[in-house]
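After this come two complexes, each holding chain A, first together with chain B and then together with chain C.
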Partner chain A sequence: MSVIRITADTMEQALREMGDVRVLVPSGAGRKGTYVELGPDKKLPRECGDHTKPSSPPKGIVFPNNERLLSYSLGVKGEISVKGADHSQKMTILYGTPPCDTASFRALDAALLKDIPEPGYARKRDNFGVVGMACGRQGRWCLCTSVGLSPRSTEGADIMVFPDGGDILVQRLTGKLDRLWKILEAGAKTVSDHELSSVAHKYDFKVENFAFTAEKLAGALEKGFESPYWKEFSERCVSCGICTFLCPTCHCFDIIDVPADELSGRRVRTWDTCQFPEFTGETSAHNPRKEKSTRQRQRVLHKFLYHYQNHGHMMCTGCGRCIRYCPVDINIAEGVMKLGGVK
Partner chain B sequence: MTDEYVPVIAEITDNRMETPPGDRSIRTLRVQKDGHAPFAHKSGQCAMLSSFGKGESMISIACPPNGEYLEFSILLQGAVTTSLQYLEKGEKIALRGPHGNNFPVDEWKGKRILVTGGGIGIAPLRSVYGYVLQHREQFAGLDIFYGARSSADLVYKREFDEIMKSGKASVHLSIDRAEPGWNHFVGFVAANLSRVAPSPQNAIAVTCGPPIHIKVTLEKLKALGFADEQIYTTLERKMKCGFGKCGRCNIGNIYTCTKGPVFSYAQIKKMMPEGMPDR
Partner chain C sequence: MRDYRAETSALRQLCAGLLEKGTVDVVVAWTEGEDFPRVREMAIWKDRADLVQTITWSPFCTTSTVTYLKKNKAALAGKKIAVVVKDCDFQALNVLLQEYFVKRENMVIIGARCDGLAEADMFPRPQGPDTAMTSDAEGVHLGNESRRWEDFGFTCCLTCSYDHMKPDHTVGEYGRKKSKTEWKHLSRILAQGPEERREHYSAIFEACIRCYACREVCPVCACVECAIDPGERAITPRTPPADKANAPSWASRERHISENAVYLTTRAMHMAGRCVRCGWCERACPVGLPLMDILDLTNDAVGRIYGYETGKDPSAAPFLVSYAESDPDDKGAHQ
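Then we have the complex of A and B:
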């Protein structure tokens, strides 16, 4: 039994009564939108779509910018003492993310947990679960169905919610949020697979802003590495990095020391971007990505080729933020289509 | 769970001047923890050295595994390397590692090993020819080609003199421009390689140095008849985390800090073109 039908009010009550849990919900769409705590004056979202999608992605909840990695203190005779950081956080539930933001955690898990886990992300991720919601409204820049996802896809979700009138269908996908699931499940009506698929089918619309299938273009992108088009694609780029900072899956980071005084300080992990010229600049002045065309190429191919080769899914989740918020209107979807030979 | 970011604290037990003080100063640090190497490593691997308050730098381990110590030959470049050079015997150093893959030196036993190093690129190669010298009877031969801008820029000078005297290897030194009293080759390392023309028969060639050195050396080795599988090099990129996460050292889908830095030329040819040494 892994799907139940409850009212949205039941869900809200359950989340509010969980006690020692932080619940985060979208604050609303628009330029200052982010994911915020479900306070007493805030209503649990009943629906989700491009009109509820915050401008900031949720990655910072488990992958904060400026996270302390360690503290150091030095003795006057050259002694060194180092204390690792405590990356733990209170159990956190993210509720009501659209499938693009939900799937970002599949991509981040693959990139940051595989082989040697990134300690900060791994520790926070342990105490973090996602209740994704099927998306009822596409926006002008959405491209989820081009990147192997859809308005109803459950990738990255521990629990998935499908709004159906005043009710919601709740599907358990992993055991991670079982405390919440047990509360919801008690006395709830079980839903058949048939009923689930008929409700989910309402969310089966195809997002048609950009007519391409990223997986089919991987081969063409690989061959297009030396294409002169990269220059054209990046011509207007001002290397501000907004596309990567607002991307739900971009995770490249820098590590810097922040001295408090001459003998002590912190080492900090900060978000970084492949769009900054110094990102790959070596002290010797050698820089394999001096030109902005090579840096934009890295961004596009990391999402649509390299991550796909390493992990079997696209690193772009189709949220459209990089297109919408680019100050010079660079459109990653158009770039991929041009390079992939889609007219 | 181990915390990859927390370094080992070890001690500087030697700090040798390799080249005269100045803007191309090179010093070799020996690092130990309680009289032993702070961690085990293999030839070709790197370590992330800290200078707290300034940051970290990825540095090749410049000695073969010996259990006793690690050595790092550090060229003065930026804030971290400058401050590392000032570390004195008895002072502490924080480091993490080992990072990356290694030269498959054990698989090369029975072969003739040819190393060609340009500038500070000789440092990682010292872990290779050092290993061969440790197990000399198991290898068919050892040729060392090494060059720098001037005689003052050459590192490990006394060691090379000893190796030459011992007869365990043939050493071919070069400098870029003629100097009074210099009785070895004048010109680039690759030119010296063409002049000596070592045979590719049963040989493995390992090269490291500035990108231009690697590029030209690869061409010369190919001209001498070396197959792609017989040529190895290291592809270092800017690195921050050292465990395949921070996203800047990649060549295509390959992170050089974990899958590299050591690659055969056959592997490089299969990588995205930005892996070519002149990129």
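Then we have the complex of A and C:
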């Protein structure tokens, strides 16, 4: 059986007793929150939802905003030495993410591991597991049910947790966190499929902020490339990077060389965003996305069309951060609905 | 008690009149969004004068119409523009006027007297778009819900003492007394020792994700090319490769405490005599950094040491970029 019922305290104890493992949990909701280490003074989250969701997404754990790729130096005799960065990291467990953040790893994996795996991400991902949690409270900007997910979906999770009173139902989905699973499983009560679905059903609430199903709109979006609406949609955009930097699945980056002195330096990867005009600047001075309407179009279509065509799932996980934190109230759901003819 | 519904309808009437009479080609104002009470800046052209009915004015107008003017300069060039501003936007507009960034004769300035701003997220929603919006000396009321001014924690609004804008038209009357208030956040920092202060600022620099939202929303950040990330804008097909490669880089793109510090402190220095303390950067910051803790160090110096009031007089010489031929340091330079 792969579903057990334990108390939340048992889970906390097991995670703390694992020893050489880093456990990350949301530190708080909104702008002040992020994902931090579960210190001795911190309690393991017992529930999750919009009220526990930090403004920063968890992607930075395996895809940091600032990542050294290699360092180089020129020796006194002219010998060149290049040293690749060590991407290994301590086994890390992310605990208590809502399904939108949990599913972000499905999208990131599709982009960064398929075909040619990206070594830095792959190495970190190897030592990283996600314990997702069913979401108990929707927010004003949530749209998970519009993008093929739901408050109880398990996409991206290695282990899924369904809070049920003081207990939690724990479902094993992959073998990645089997060390934790074995500790939890010992002496625990197994749960029937029927019980699991009746508990999970509590999380089947409808998220109704935006009434559309993204999959059904893919065709309309494809036809909407030349739509004059993009101009209206982006008119007040200030071209900052909030929507993409806070997006749990945006993964564009820039690589720069930073000289330390005349003879040595390092190569660093940082987050970049399609919203910066420089992003598509070419050395010839040509820029295919000079207008902000074309940049916003890229953001929306990458999330709702291209990634879907390539990988079969939406790149948007419906967390609503880009809508909530946009300084000028640009709303991606509204854009998709208008282009898709729903609104 | 101020009734923003009433003030909004007066504003709509005023704007409709300006468009109808042909006084202006376009009105830049806050309009109702899909997500009441959040607002959106919009340019309403005379061929779509019906959109005037979407114009709104309330403490939820936390964005800046002046940033909109700046960002859409090309589309608005040469047009007669009516722009709705609140007190801090008016000051920002004065800064741009000082530098001839916009032309006064092309503008009709409509000043909405502001008592302070309110955060839409602090109110339970959804509320219908017809919900009553009022405010008094205590705070803001949306329908049956009330929040005190202090609840929103907007540093700039809580310390705003500006109440003397001179626009062409005004909307509303001040509903609370704005008096000079101590910048407590700053006095707290100035009382710190160097170690403590280093710790305080290091935490801010460390957490910055360099999304540049603070720079982009700023109504007075007006450089075409930013010193921090000179991009393709200065490059033309004729720019030689060596010039591209050697373009000065004051801070690398590394998201690292030292580079972030260069970005944030450079911004503060460049904002000396420009920052009108509208506080939008701090409100926009997605990771909640107290940016006024940095900017107010220079703002304080500009006022206290140099006695300069930013955004007061559109005909005054700008604080840092003025030039006098009589400058003794420059003698001989032009001969």
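Note that in this section the second predicted complex is superposed on the first by the 338 of 343 C-alpha atoms of A that agree within 3 Å, B and C clash if a C-alpha of one lies under 4 Å from a C-alpha of the other, contacts with A are read in each partner's own complex, and residues count from 1 in each chain.
The rule we apply is simple: a contact is a pair of C-beta atoms (placed from the backbone, for glycine too) under 8 Å apart; a residue touches a chain by one contact, two chains touch by 3 or more.
Just so you know, these numbers come straight off a predicted model, no measurement behind them.
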First (chain B), second (chain C), both or neither touched by A:Asp193: neither
Which of chain B and chain C A:Gly84 touches, first, second, both or neither: first
First, second, both or neither for A:Ser284, with chain B first and chain C second: both
A:Asp254 touches, of chain B and chain C: first, second, both or neither? both
First, second, both or neither for A:Ser239, with chain B first and chain C second: second
First (chain B), second (chain C), both or neither touched by A:Asp20: neither
First, second, both or neither for A:Leu112, with chain B first and chain C second: first
Most chain A residues touched (candidates chain B, chain C): B
Shared chain A surface residues [contacts with chain B and with chain C]: 254, 256, 281-284
Interface residues, chain A side, partner chain B - complex: 69-70, 72, 74, 77-82, 84-85, 111-112, 115-119, 122-123, 222, 225-226, 251-257, 259, 262, 265, 267, 272, 274, 279-284, 286, 288-289, 294, 298, 301-302, 305-307, 309-310
Residue ranges of chain B in contact with chain A within the complex: 1, 3-7, 9, 52-57, 77-78, 81, 87-88, 90-94, 210-211, 237-238, 240-241, 243-250, 252-253, 258, 272-274, 279
Chain A contact footprint on chain C (complex, rising order): 33-35, 38-43, 63, 67-68, 71-72, 121, 125-126, 209-213, 215-217, 229, 231-233, 235-237, 239, 241, 244, 252-256, 280, 283-288
Complex contacts: residues of chain A adjacent to chain C: 30-32, 34, 55-56, 65-66, 140, 235-242, 245-246, 254, 256, 258, 268, 270-271, 273, 276-278, 281-285, 287, 323-325, 327-329, 331, 334
